[in-house]
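Each of the two complexes below includes subunit A, the first together with subunit B, the second together with subunit C.
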Partner chain A sequence: MSDLLLVVFDLVLLVGLLGVAWRCLASTDLFRAVVLFITFGLLLALAWVRLEAPDIALAEAAIGAGITGALLLVTLERLRSIVVERRRGQPDEPPDPAGADALLHALHDPPPPRRTFVPALTFALVVGGLMVTALWHQPDAVGLEPVVDEHMDVSGVDHPITAVLLNFRAYDTFLELAIVLIALLGAWSLGRYDRLPARPAPGPILPGTLRLLVPVAIVTGVYILWAGSHAPGGAFQAGAILGAAGILLVLARPRDLPMAPSSPLRLGLAAGVALFLAIGIVGLLIGPGLLGYPPAWAYPLIIVIEVAATLSIALTLVALFIAGRPAGDDR
Partner chain B sequence: MIANTLTVILILAGLVFFAAGTAGLLRFPDVYSRLHALTKADNVGLGLVILGLMLQAGGPADILKLFLIWVLVLAAGTTAAHMVAQRTWTHGEFESDR
Partner chain C sequence: MEWLAQQLAPGLIYPTAGAILFALGLYGLIRRHHLVLRILALNIMGSGVFMVLLGIAARGEGPPDPVAQALTLTGIVVAVSATAFALALVVRLTRITGQAVMLPGPPDDHAPVDDISREEHAPSAEYDREHRE
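Now for the complex of A and B:
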């Protein structure tokens, strides 16, 4: 009975995922598409829970649905203000379809009617075919689980996911951290700090609620970071929660946002990557190889890296939300 | 047995509130009445579901966590609803891209 119910639940979840994804892609209204994207992220997190992957579920809910949703919304708001400004200049002139603003107008106006389904159909057939083939030839192997279990005692932590992410496959995690940093450098190279177009909510309600929620978010973030060594959790999830608290603070008082001093901010942003790389190079010099740790030191080193990574991820996410590099920084 | 029955009744009652809230969100004519339907119904609905789950909890720590979830959702949901209403009050109904 309960098995049947679970199957029904899974089927409803699957249909919901596909339906929301389709509506999100097919929507010509960007705001609706963003909201549907957030909905999709939450449903996806639920799917990861059903697949018994709570680590990924946490990351998907916090980063995929929460932070990415906030980034998309603020991008949309900026695009809107740009479009409104440009339209004010030439009110009656129809937009030049090949002009410099074509992309902006394309984002704002409904797209031209579709002429042919051939490219989409070809793409769907190729990707679908590849996926079916991949599933068809699934090997019977149990994967890398026994190998990981065998080496848990030298990993320095008790949670296999953290052992893989921060020890056995530390290289991947290092590159992920580097990508987050590079994304911020890309955003900074495009523009200087300017005020958020998001309108601050008047009244005491939002700041009052944040006084309640931000301490809770900090405690939760630190707990998730700490839990990573023996249970689902870790630097990315903790960083996303702390980053979300930062974004809420930015939204509550965008007018008098104190700018972080430049050098400590940069140190904080780079701390994760820098420390990870430094420890990795030391590992290369003293024996265990690049990004390897001596087993006796694995636990403290992993904790140090995770703390630095959490700080960097949280700061980077807030900085990405603000988007521009700090003012008065053009030396 | 009694706990299980109570849980089922409470969660079903909660789902009724969720369904009513969703129907209100879809059917009501303007932002304010939609918010009214959504927040009131969801808060009570979630409260009932949480109450039902508390009866199945393993210990006081779990009960406290469930209660905390409810309080946090209440605070966040109320604030979000207030901000949507505030923005509608000052800027008018949300104007779509199309």
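Now for the complex of A and C:
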């Protein structure tokens, strides 16, 4: 009976996910699409719990739905303010080359032209059909679970996912931190910090809530970071929670952001990658190989790397939200 | 009933739904024009890939494969960084061309693109003064 209930739950969840994704991609109003996308992320977190992946569910709820949602919403506000500014800018000059419906285009997407319907549908059906066929005929394999299980005693931690992320496949995690840093450098290369389009919210509610929320977020973040060594949690989830707290702080005073001094900020942003690489090279010199640790030292080293990675990820997420180098930075 | 529950095991229907999500995202990516919608479509394709990975990892008895889960975790963080960078590019493009869609060619080779963006969008003079020290 409970099996049947679970099957019903799976089917309802998956149909809901596909429906939300479809509505999101079919909507002409961008705000609506973004809200549906955030809903999609939250439903996805539920699916990850069902697939026995609580770590991923935590990350999806915090990063996939939360941070991505905030980034998308602030982008929509930026697009709106750009178009409004362009229209107001030159009243005497000939109209903008983009035309009078530029505002419409900035936040709406007209229904797609009919001529792309058949090719797009055919292509998607072929690719999807090939994937489904391949997945159905894939033989059951045990995967790498036994191998990981066998080596847990040398990993330095008790949680298999943290062991894979920071020890067995440290390469992936190191390169991932590098990608996060490169994405930020890319965003910074596009220009300097631009005033956020948000207006400060009037009244005492936002500052009061923040005073209560931010300490809770910091404690939760640090706890999740510490819990990562023996239970679901770890640097990414903790970084996302701390980053979300930072984004809330930014939103509370969008007009007069206290800019962090440049060199400590840069140091913090690069700390994760730099420390990871330094420890990795020391590992190469003293024996266990690049990005390898001596088993006796594994636990403290993993904790040090995770603390630095958390700091870097949180700072990077806030910096990506603000987008643009700190003002007056290039003097 | 037993047979049906076996056919609809999570290890089978979740990867299938992941493949459908991927195809759906691909369809949206081709058909929609607004770049933010295209970024959403790419993210939905990515979620489909994650669902395939995690669905396969959950197959069989015993605990799920931690390597696939760790890869997915890495993927989620990479996806959010790439999305943030892509959104920054969209904002920049809109600032230059006034539209958040891909234009068929370069907007106008003779337009002083760099100058426009610097003059109009550099932080204001008061802002600079406030933050000088």
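Everything that follows uses one rule, which is that the second predicted complex is superposed on the first by the 303 of 331 C-alpha atoms of A that agree within 3 Å, B and C clash if a C-alpha of one lies under 4 Å from a C-alpha of the other, contacts with A are read in each partner's own complex, and residues count from 1 in each chain.
Here is the rule we use: a residue touches a chain if its C-beta (ideal position, glycine included) is under 8 Å from a C-beta of that chain, and two chains touch if they have at least 3 such contacts.
Predicted, not measured: the structure shown is a model, and the values here were computed from it.
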{"item": "First (subunit B), second (subunit C), both or neither touched by A:Leu30", "value": "both"}
{"item": "Touched partner set for A:Ala178, first subunit B, second subunit C, both or neither", "value": "neither"}
{"item": "Contacts of A:Ala231 with subunit B and subunit C, given as first, second, both or neither", "value": "neither"}
{"item": "If touched residues of subunit A are counted for subunit B and for subunit C, the larger one", "value": "C"}
{"item": "Touching partner for A:Pro160 - first (subunit B), second (subunit C), both, neither", "value": "second"}
{"item": "Which of subunit B and subunit C A:Trp22 touches, first, second, both or neither", "value": "second"}
{"item": "Touched partner set for A:Ile205, first subunit B, second subunit C, both or neither", "value": "first"}
{"item": "First, second, both or neither for A:Leu44, with subunit B first and subunit C second", "value": "second"}
{"item": "Partner chain in contact with A:Leu267 - subunit B first, subunit C second, else both or neither", "value": "neither"}
{"item": "Where subunit A meets both subunit C and subunit B, residue numbers", "value": "30, 108, 110"}
{"item": "Partner subunit A, residues of subunit C touching it in the complex", "value": "1, 4-5, 8, 10, 12-17, 19-28, 30-34, 36-37, 40-41, 43-44, 47, 50-52, 54-60, 62-74, 76-85, 87-92, 94-95, 97-101, 108, 117, 120-124, 127-128, 130-132"}
{"item": "Complex contact set, residues of subunit B against subunit A", "value": "72, 75-76, 78-79, 82-83, 86-87, 90-91, 94, 96-98"}
{"item": "Interfacial residue positions of subunit A with respect to subunit B in the complex", "value": "28-32, 108, 110, 199, 201-203, 205-206, 209, 212-213, 216"}
{"item": "Residue numbers on subunit A that touch subunit C, as the complex places them", "value": "3-4, 6-7, 10-11, 14, 17-18, 21-22, 24-26, 30, 33-34, 37, 40-41, 44, 47-48, 50-53, 55-56, 59-60, 63-64, 67-68, 71-72, 75-76, 78-79, 82-83, 85-86, 89, 96-98, 102, 105-106, 108-110, 112, 116-117, 119-121, 123-125, 127-129, 131-132, 135-136, 138, 140-145, 148, 160-161, 163-165, 168-169, 172-173, 176, 179-180, 182-184, 186-187, 190-195, 234, 236, 256, 259, 313, 316-317, 320-321, 323, 327-328"}
